[in-house]
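Here the structure comes first, spelled out in structure tokens, and everything after it is commentary.
Labels run A, B, C and D following the written order; every chain starts at residue 1.
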Amino acid sequence: MNAVLKVTDLHVYFDTSAGTVRANNGVSLQVREGESLGIMGESGCGKTVLFLSLLHLQQPGRIVRGSVVLDGRDITHLRESEMERLRGRVIALVPQNQATALNPAYIIRQQLTEALKIRHSGGSLHSLAGRQNTGSQSAESEFRRVFEDLGFEAGPVLDRLLRSYPHQLSGGMRQRVLIAMALLMKPRLLIADEPTTALDRAIKAQSLNTLQRLRGSLTMLVISHDVEAISAACDRVAIMYGGRVVESGACPEVLSQPHHPYTRLLLAAQRRRRGEPLQAVAAETLNLIDFPCGCPFHPACPEAMPVCAIETPPERCTDGAMVACHRFTGEAR
Amino acid sequence: MILEVRHLSTHYLVRHNPLARFGHRDHLIRAVDDVSFAVTAGEVFGIIGESGSGKTTLARTMLRLCDSTAGDVLHRGRSVFAMNSSELKQYRHSVQPVFQDADSTLDPRQHVGAILEEPLLIHGIGDAATRRQYIGGMLEQINLSPSFLQRHPSELSGGQRQRVALARSLLLNPEVLIADEPTSGLDPLVTTQVLALMLRLKQDHGLTLILISHDLETVAYASDRIAVMYRGRIVELSGGEDFAQRASHPYTRFLLGVERRVPEIPVLEGVHEHIHGAEDGCAYANSCPHHLHVCHSISPELRETSQGHLIACHAIAPE
Amino acid sequence: MRLASHVKTNRLAMVGMIILWVFILGAVFAQLLMPHDPWRHFVPFMSPSVTHVLGTDDVGRDIFSELILGARVSLTVGFMAGLIAVGIGVLVGLLAGFRRGYLDEILMGLTDVVLVIPALPLVILVSVYLGPGIWYTILVIGLVFWPSTARVIRSQVLSVRQSGYVESARALGAGDGWLMRRHVLPNVLPLILAKFVLTVAAAMLMEASLSFLGLGDPMAKSWGMMLHYAFARGGFIREMWWWYVPPGVCISLCILSLTLISFSIEEGSDPRLRRALDR
Amino acid sequence: MADVSNAAPVQRHEHPTAAIGSRAVRYLAALFVIVTLNFLLPRMMPGDPVMNIVGEEAYYGSGEVLDALRADLGLDEALHVQYGRYMTGLVTGDWGYSYLYLQPVRESITLHLRWTLALVLPSVVLAALLAALLGSIAAWKRSSRTDVGLSGAHLLIYSMPHYWLAMLLLFMFSFKLGWFPLGRATSAGASELPYLIDVGWHMFLPLLVVTAFKAAYDFLIVRNSVVSILGEDYVLMAQAKGLSGMAVLFRHALRNALAPLVTVTAIQFGMVLSGALLVEVVFSWPGMGTLIYDAIGARDYPLLQSAFLIIAICVLIANFIADVLYPYLDPRTR
């Protein structure tokens, strides 16, 4: 299968007054046609900067090294005007925070129509003002189709929804609107950022449901730290720590038999069993400015060896699975 | 019986200005509605509740940070609401909260040293040297080096902030710790770290812990007894040991993932999600796959179905 | 204090501080700096020369000396009126924010009412009835400019009171007095300072406007009054720019420096704002 | 047991729609306070109430005339009777007589108010447009040279007294260069289209000054709100959708900065109006400012009182319009 997206050795740095923040530190991964790749990691692991870099929205961060290839075309250093044509129409984003990601000043219909217009003619002020290409009849039917795909019956409720302002909608409904908006653009690649970060179990169940529906029909990149979301929505998973992918492989295998010590801790932290002691790390959260030598996880790693503090572990690949840990350098996985 | 909550209700009145617009009326929000439970010394009492369940209002009312509408909270048999100011101060010496979102519970202008000294100063404990000694000891227990004393909250990570907040509460050597979402917003590894620390300190200090969270896993892992709250009421109360097996309220079973609920998708923000009106009947009736006719008219009582297991549901018959 | 160090590191604020100090020192040491007695009459309408750097006015007074003495009047009115206005505003704001309830509603109702009454026409009307007098001017300006301070202070007090850290301190057993001293005041103080600096600027502008309209105290000649005389007594028609440009420059520089200082205080006191600016 | 009372929910939350209603009440209260101030000031302030009410021209009348006036004004009656009479006068349009202009105050006011509004209203609109454009651009390119330059220029204008800038411009463009007239609103004799052109020519400099000041206030507001809006998630989302930079800025960011802009315009309307009054004096523009300036000189109290009243009413109306407009600009408050 050919890769829709191929990221190689990506380094993204931020210059701040306190020093250079090394947000991405050699990320390599690929997403194949029709596949759904999960990216799992905690805040500060670089997953947000990674997907923003794909869209060239990582400013003021700068891409120091590495490349992003989309459908065989290197887009690492594309000009802004060319990037504008790519955003939305080729790579669409479903953002994390449904409460703030919709413009409070426009009703839902206006915001969806804008997405349609971008798909048809582009995102400049001029083309947005024109009414061509988007007859309201066909727009309506497109909206209906997309919402039906998401399991939402058309009818008076949909009309009501389209007439509403974002703040009038429930959280679950706003999330659906955001997904619908991304789908309206018919993208090659859909990025879903933390799709299940909601306090409410009902909303979470609903978004998991939607993700499962989309799986298989779309090429997706799902970013989350939630095991449940990843296992429901993804074919493969990449675990990130300290701006790198430390382990990747087929979803069921990695989640059931994790190799990297970090993966094991991360999974254990979300699958607590009564009576078993908690596996808590004593170390502080990784500091992205004073980056430790060697493996970034070694200060917190319960299985750290002397070599971990000196050498960065190489990425070792077998059968489409990868692990970057000195414990697994010698033997095959 | 160290802390007892008896038929506690806290209602809010949302006011609409009559001149503003017609058709809007004042309405009552029953954030906490007739809640009763008792906490025995040394146990971990867990409360599970999602957003809008009233769990935070419950915690605040128990701490007398907001007034109750009805009912009472008893600390060692004495009503918290009848206390005068010196008794209240004593109560707050022995019952301490840990709030969610440590970022906002620490004064951005104070450094960690001043934050930790505050409880000791309020209660006039020790002189400067002993206070410093206490704080130093406490810092060690939460695994922070003394260099942190000079830092401001904005210079700490989320986990460090929550640890500082925990230390501040523990400096008064309380009997009871009421932890409201102590790990929400923290990453999985940090959550584990804070939870482990909290449980260790609970053992070391012989605390009673009331652990409130939306996260069923966290509560189920640590609690001796568990109460499930839904829209201001406790719908199920059972032992923590075999919680998952015994859980039988439809809402609890939904939270556990063993049962689906009627797909109720509220399009608009409002009535369904946060505001629980004054209407009668079970609040869960509209989402409940087992709802009966009676569920819509009469609110179910919390009653004991088997030893130590209480459920508020019309559809479940006592054993 | 972090605030002070912030002001120091902010270059624009430093510029503002320097300008302001120049004027304050000029006002304090006016007697030493004035080349002539500002009340002495020389030849009227003289052009600038070595003895009279900025020439003389319509009755032959040395303009440069008047300018230096004007700093004293303008700054005094600004600072005193600012003090009164912010004093009332802080009192009302703290009381309303801390006591809440009916007192809050009454005080804020009053504040809103005063806030929408246009200041200049009201001050003109009262000054016309009271007649000239620098203390009247100070009092009237002070009594008109307090509402915006009251509003800002109240909302800040409310947000501090509802913050997690005040809640936590209350749960630790702290009483109202403690909360006020330890949390509310330290968090409101920078705002009070910023508001004071801004109110001083507004009061100086108001005084200048009043004087320009001819309502100033002839015994205490301010920069605004110099503009008034220049405009009404032929300086403008005769194109004597050395008469009316310098006082205007002085007023503008004072306002500019005060504005820069207040911006910097506000920025330094609100970490959220600073974060927004850093982005 | 604790004190248990069902009817005592202590916490109250005010719904956002409550704003307009209570505001309307506050405007009425403000109007009441203004009218009462106008009634009380001449009676409380130092000096003879007769002169304080009628104006100092009355000083030239003899003792009997003064006594007659006193009786006529009802100053011997109880305060509340006087107050009732005063209110009736206000409502029926009897605002006193101006000795300065030798006509009823109401007529002088309506005549001059027109010219002031002709100056202020276009300024407010122009300034808002200008500030929206420049403020957005400065925010978009924040910390760039464009931003520093624009912010600096606006800060500078913001710091100058209005009338002083007016004097400088008048000196420069009328005295020195002779491009614009020295003052007043019209030259004699013209009518219809030439008349309008003539007025426009006279208006240019005063309009420029008032607009510049209003734009300077607005600029900083727009810039700061757009800067903070640019950090919002929906702006990132708009970019991720593939909108061009300008579309993101004007359709998404600026749109949400309009609500604060309108609020500020309302709050500062009194200030802008006051500034315009002073600018009028410099350009001898025949509006309220010049009227007030002349009335101060002549101690024409009835005129000053009514001017204060009418300006206050204009400010109240502006505030009310902003309150009505606000929900349309920020749908969250609907």
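Note that a residue touches a chain if its C-beta (ideal position, glycine included) is under 8 Å from a C-beta of that chain, and two chains touch if they have at least 3 such contacts.
What you see is a predicted model, and the numbers here were worked out from it, not measured in a lab.
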Length of the shortest touching-chain route, chain B through to chain C: 1
Among all chain pairs, the one with the most C-beta contacts: C-D
CA centroid of chain C to CA centroid of chain D, Å: 21
Averaged-CA centre spacing for the pair chain D and chain B, given as whole angstrom: 52
Chain A, residues touching no fewer than two other chains: 167
Sites on chain B touched by chain C in the complex: 60, 63, 65, 85, 88-89, 92-93, 96-97, 99, 101, 103-109, 118-119, 122-123, 154, 165, 168-169, 172
Parts of chain B lying in touch with chain A, wherever the complex brings them together: 50-51, 143, 157-160, 184, 187-193, 195-197, 199, 214, 217-218, 220-221, 240-241, 254-255, 260-261, 264-270, 272-273, 287
Contact footprint of chain C on chain D as seen in their complex: 23, 26-27, 29-30, 33-34, 37, 41-42, 45-47, 52, 155-156, 158-161, 163-164, 167-168, 171, 175, 227-228, 230-231, 267, 270-271, 273-274, 277-278, 281-282, 292-293, 296-297, 299, 301, 304-305, 307-308, 311-312, 315-316, 319
Contacting residues of chain A [partner chain D, same complex]: 55, 57, 80-81, 84-89, 92-93, 95-97, 100-106, 114-115, 118, 122-125, 128, 165, 167, 178, 181, 185
For the chain C and chain B complex, residues of the former touching the latter: 2, 163-165, 167-175, 178, 182-183, 186-187, 271
